[in-house]
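In the two complexes below, chain A is the common chain; its partner is chain B in one and chain C in the other.
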Partner chain A sequence: MDTNISGDSSPTRPKWRKVAYGGMQPGFDDNHTDETFLEDMVMNANVVKRNILKVMQDSVSISQYLCIVSLVVLVWTYTLRSTLNENSLLLLDISLLGSGFLILLLTEEMLSLNLLLHYVLNVSFFTTGLYVLAPIYQTLTRSISSDSIWAVTVSLLLLHLFLHDYSGSTIRAPGALKNPNLTSCISLNASIVASVFIASRLPSRLHVFAIMLFSLQVFLFAPLVTYCIKKYSFRLHLLFSFGLMAVTLAFVYSLHCLLFVLLVGMLVFVNVVCPYWLIRIQEYKFEINGPWDEAKLCFDITD
Partner chain B sequence: MADLKHRILMVSDFFYPNFGGVENHIYYLSQCLLKLGHKVVVLTHAYGNRSGVRYMTGGLKVYYVPWQPFLMQNTLPTFYGTFPIIRTILLREKVSLVHGHQAFSTLCHEALMHARTMGYKVVFTDHSLYGFADVGSIHMNKVLQFTLADVTRAICVSHTSKENTVLRSGLPPGKVFVIPNAVDTAMFKPAPERLGHNEIVIVVISRLVYRKGADLLVEVIPEVCRLYPNVRFIVGGDGPKRVRLEEMREKHSLQDRVEMLGAVPHASVRSVLISGHIFLNSSLTEAFCIAILEAASCGLLTVSTRVGGVPEVLPDDMIVLAEPDPHDMVRAIKNAISILPKIDPQVMHDRMKGLYNWNDVAKRTEIVYNRALKCSDQSLLERLSRYLSCGAWAGKLFCLVMIIDFLLWRLLELWQPAKDIEEVPDVVLPCDQDGEKIIQKIYNQVDH
Partner chain C sequence: MRRKCRIWWPKPLSSTLPSTYNLLFGWFVSCSSDSVDIVVAFASNHESSSNLQSSFQEILHSINGNMHVSLQGKSKFSLLGQYRPCLSNGQVFYNGAEEDDVRKSCAHSIDDVSECCGCLKLDGLLDQCRQTSIENDYWIELAYDSLHLNAWGICWIPKLHHIHWNREILSQFDDHVIFYETPTFGGHHFSLRFWNSSEHEKPSLKKPQWVDELQQKQPLNDLDTVILAINSATAAKKFFERHDGLKRSSANIPIIWMFCTFTWHILAVSIASLSTIFYIFLQFFHYILNFGSQAWVYSASAKAFSNTWINIRIRCCQILYWPIFLQDNDLRSQSSVECAEKVALHKHSMWSSLVVDILLGDLIGLALLFHTESVCLWISNFACNFTNELLRSGCVWLMGVPAGFKLNIELAGVLGMISLNTIQIWSTLWIFVGSLFIYLIKVLATLAILFGLTISAALVIDMIAIATLHVSTLHWLISILYSQQLHTLAALWRLFRGRKWNPLRQRLDSFDYNVKQHVVGSLLFTPLLLLLPTTSVFYIFFTIMKTVISLSCMFIEVIISVIHATPYIKIVLRLIKPRRFPLGIWFESIACHNSSSDSSCSAHIDKNSLPFEEAPQREDINRMISILHSNYLSIGQMVLPHYRKAFSGVSRSYFATSVFGLLSGNKVASTLGATLPSTMPWLYVPYKEYWCLCRNSILGCMVDCNYYRCRDS
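Right, the complex of A and B next:
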């Protein structure tokens, strides 16, 4: 009943059609492979062409956060060596808190007294809680040897860096739409546990309070602050990042030469080698699309 | 009857009492092959307390291997756990060819691997489409590549499915045959008298899940109801998205115009189909859509999304295709309603009889079997080299798996030599219907 359609195109042999009905097509085996085979296949349709400069600029966020964590570790080291006393630590805490608030206020578009009050209230609750808990932290890991503490802290920090959400901030500004995902929560918790371990090696209650406040401030709010800066102006973000890198490198150099080399190598790897690598392996990208793909819905599903 | 008679073992995790396209395909294909004089044995895993040997219509012997499924009717992949029992069945039934079905079935993959190790010719039928993007499909494609690296011939259910399988497995396209599903037109007859056209009924029968496009239905149904006050919907099927459809019905106050039937057993699909004029399929991916065939056989005009193998399934004047987008689907339904008066269900049914037939499918499959058996035997080394070319790491892994399988086979040969395994006597069935019934009775008595 459908053979009459194909009869006139070539008198000797009917044309092969890409249809499944009507039984075996006369003159063609079931394993016939037509020249139209795979003609609907599309390769690398959705591949984004990346620019090396753009990738390098984006990777600055990662090295910036690396520097922030290195600075925290530096403060920990100086405190453990008693180079920094509790008063200077507290001063550092207050100045950090103040500058953080200032940056938030300056970069946030909707400046309101209500929001500020909300923040201040929360931070005061937080500080009080920390002060009350400080004695517990101080004696928490007394029965564990210091070697284990260093080893666990280092691995927790590595875990933190590995799982950290570099594109945004785990602590969101109020009213943010997306919830943080599981990996960034794990990362945040790893950093907090690391700070508790370090704090438990300190001599006095005030030390513990000061160092905990410092670590929590940095780990919780530094991503938020840097995110706000980045959103406000990319140029400022780059400037801030390079400044931070210079300061960190200077401090690390004064601490230990090998660590300095390691950090420089790390920064070069993140900022230069990795972007170049990413661009190089782009040419091996092989993405196949075709009629067999599951269709994408063009509207949002709200469950 | 001078030509070769085959002794075929069909393997899949999916068989009755479970229900779906693959199960249907294996059952009808087996029945028609039996009618052609071949011997067919089906191998599947135990369903609940249904384990052991059962006989179905026409003396179709089914082995329910006592191997419990663990996820979505699939057996736990153990690689070698099923080897002893599969070997025994292959030897007992004097099988000449193994035919596996469905890429998701672990039992099928394992059986094909063991059969190849023992030197049997194997044929594989792929019933589904798979993308290339996510982790799940990358894994599945690797498994498929492993099985298909050494398969003698492969069958796909549509040309799109063939393209997909060739890309996924790297098989030469000449080894892949396209043999579609069919429909039992005797079971899906149109309604005895034609329905009136005062009220137009659109039928949807599918599992209400994301892949079947239940979310498209949520957008399309209210729009069509708004445009045509004389249209009514009947939705058969159950699934996680049923709640969304029911919400939509509440929101647009369409309780009297959208009927939700819940899950429809296959036996009553026809009675639902014949109460409608138009069949709506909203799948987002489909290798071949049997539901469309069933609807067309019942004389319904089909509106479907243009995905996968669907455009190949019916001639253009029996189906209205639309992009998987609510606006285009509404346009297609409008179009279908406008050509509806020209459609005669009985004519449609008679055309379907000519287009699809399980006997035709069986004959075409028989050709594939003949071709597969004509292939030359290959030594282990030749086969290993083919596995090695599957990938830098995967190739070596595949080789290792096959070498262990080969050693296991030699071990089994020592432990239980092939000549000690009792062979099953053949029962020659007379071809007419009554004879089948008598033999079946005898079988049942033997079984109990």
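Right, the complex of A and C next:
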């Protein structure tokens, strides 16, 4: 029964109160609502208003990482075809290591000898371990056919790309707040296993060592380096990304036309189509919040 | 509610017509207020019993004291009542008078209630006995019907005239007469259940509630006590006759008897001497061993030859203890025939097992001694084939492309070379042993002849285990590798899922590993996973080899357990005289008569005597007549519980767990775990005393034999 129906409500019937206790209020239905219903509702409170340019700029990180992965695949292909021999690979490794360290040194604010020593120690352990394991990896998949290896590698790389953490880096600089979550670890594992599979196809021990070192360097440290560059200066980051994309496209073009077209399509899709699509869909976003929501505990407030 | 009486009547009492009235002795067994079982043990002549008047109660008390404990608890041996002759026309003779006269005389003496029932007058102490029985519990008066059931050898049937039941006199009741053959030791007896079944009740399926309620209800009859009483009837009669002074003279011809005794003595002396020779040897052996027990050689050889050691121990105990078991002369003091039979079987169990084992050992040992050369040749050929065809070729095959599996060449090469080198080293070592092999076979045969088959078989098991030590070692190594690989793979897989095993709570917890652990984990996971086929192929090969060897050892072990566990005496006795092994009872119903209808329900009666036409005149009772029979054990039923006890360690899930263990890399079980007879502590007795012990136990057997034989004749 609504209160609007009869202007002269009986004096004995109390006014409807919006309370959670007390049971049924006499004269009113159990699902009675009055005019203050949904007064406190807030719509789209937490939705970020996006700008298409900003989104496109942010999507550059994804396409940058895509290009890095394609460069790795390129190196693998050239090595498997014996275009790159082991010495050039080793040279590549060392140069990458050196440049990575340089960029870290230049962009990191707080740097100490301790930290550097820590990094150097880790890298040396890592390299020694790989050198020891290389003979085992060399003959690991001799009994498996090449097609199976390539199928497994491609699927593992796809898994890696899907689960990758594009916002930050799995290997954080020491002093980072959060631990890497499980999906980023799984993507790392997938990439390592894929590189092991490819490495086991190579003819000699040194080949195996070199390619493993290269793959692992890129997969482990490239996110860290790009993260540092992005933090340092956004313009440098954009410049670096475009340069990388150009180099990648050039190399892929020289390798195979179809792959080039595929890569171009991917880049365009990621950089142009997806941001536009996101902005278009954003209009339909309708979030409601109200006093009925669970209380959220705020740990991150800094006073 | 009519009361029910069951009269358990010995058949020998009914085989001849009685002339005078007799006293009945036996037991009253009752466990409910409506029914009573009257077990008649024997009957004694009135006149002869009057000699015992002075000490009648003491005699009954002493006989009761000799009975089985559980029988003493449930029912007391007592004078049951009396029975008097009755002519076929149903009239009762009472010192010449007719029955109506008795009733007339009863009617006049109203004070003396006890005479109105028609009880016979007894004189003196017996009458006092009767009065006390009437006061306390029960007293019966039986008449009899002369009925010729020639098919069963029954001349007349007891008819319960009336019964004094807790100071009431009852003439109306339901009556069931059950004839039984008196059980004797060496003849037959009755038994309700299998001897071992009460101890090894397996808790089987859950019983529904009404079964438990049923078991809580008062049982209507106590068949256990009744059968125990029946089994003790002969002993009670024997005790009574001993008090009565009746001596039974043995009608043996003295010359044959003396010849038998002489033979027994010769047998006893020879067996005792042989046994003492073995005893001396064993004591010497034990003495030497006590010296060497500290040396490491002793403990090493004890572990290597463990099977032989255990069987030697068992054999020594058997040789030491067989006269002690045989001497157990509780036989004659057992009142129940069932218990006496059990004791007798237990007495003879040890020496029969020893003798059969030695006989088998003699057979096989002699065969082995005559064919030493060919056996030696066959075994060396077999060993050669095993090593070359199976092991070596197997390893080489695995190093290549076995069954189309493409293995990792390096790892397969390493494992294969290790195995081949081990096999080579081992066969080089065994060339030296090969020259001694023929002496080994001769030693084996001699041991079998002297000490029995089981020791030689155990020695064979240990020799096989030692000879295939290389296969065992290789299997052990490869199973360590395989199981560790499997465990590591499981742990790394858990790492990829972000989980960790909690050994305290036995469950998987979620856990955040750091990046280094993830990297190392994925670097290790790939080679372990891809090398698993190679390892598992080698593991399967060596497991098959080891399992074949273990199965053959287990087979010999099963044979040894079977030889130890088979009850030879029981089998022999069962073949000679199956009546000594009863299992359960059944009642053969001869005739039954309802008071409601005049006709009798069964047609097994002779046409000559028709007692039942006169019966319904004054009695209003339901009568039934049956004969008690026994079912007999088959050999399988007798022997199977022994085997089940011996192999009780092997359960259903044994095979499932062992297969699962094999798949996950655990050790292959090499023994079945069958139980052998337990060993007893060593006997330190002077030689002369041991010789006397052996001889006396065998002579004790002779005395028992004569006792039971002359008692039956």
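To be clear about the criterion, the second predicted complex is superposed on the first by the 263 of 303 C-alpha atoms of A that agree within 3 Å, B and C clash if a C-alpha of one lies under 4 Å from a C-alpha of the other, contacts with A are read in each partner's own complex, and residues count from 1 in each chain.
By definition in this document, a contact is a pair of C-beta atoms (placed from the backbone, for glycine too) under 8 Å apart; a residue touches a chain by one contact, two chains touch by 3 or more.
Predicted model only: the values in this text are computed from it and were never measured.
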Which of chain B and chain C A:L182 touches, first, second, both or neither: second
Touched partner set for A:A45, first chain B, second chain C, both or neither: neither
Contacts of A:V196 with chain B and chain C, given as first, second, both or neither: second
First, second, both or neither for A:L220, with chain B first and chain C second: second
Chain B versus chain C as contact partner of A:I136, first or second or both or neither: second
Chain B versus chain C as contact partner of A:A20, first or second or both or neither: first
Touched partner set for A:I281, first chain B, second chain C, both or neither: neither
Intersection of chain A interface sets (partners chain B, chain C): none
Complex interface listing, chain A residues touching chain C: 122, 129, 133, 136-137, 139-144, 170-171, 179-180, 182, 185-186, 188-189, 192-193, 196-197, 216, 220
Of all residues in chain B, those that touch chain A in their complex: 129-133, 157-161, 163-164, 166-167, 173-180, 211, 213, 215-216, 219, 244, 284-285, 287-288, 305, 307-309, 312-315, 324-326, 351, 354-357, 360, 364, 367-368
List of chain C residues in touch with chain A within their complex: 406-410, 496, 498, 512-516, 518-523, 525-527, 530-531
Chain B contact footprint on chain A (complex, rising order): 1-2, 18-24, 29-31, 33, 37-38, 40-41, 287-288, 290-295, 297-299, 301, 303
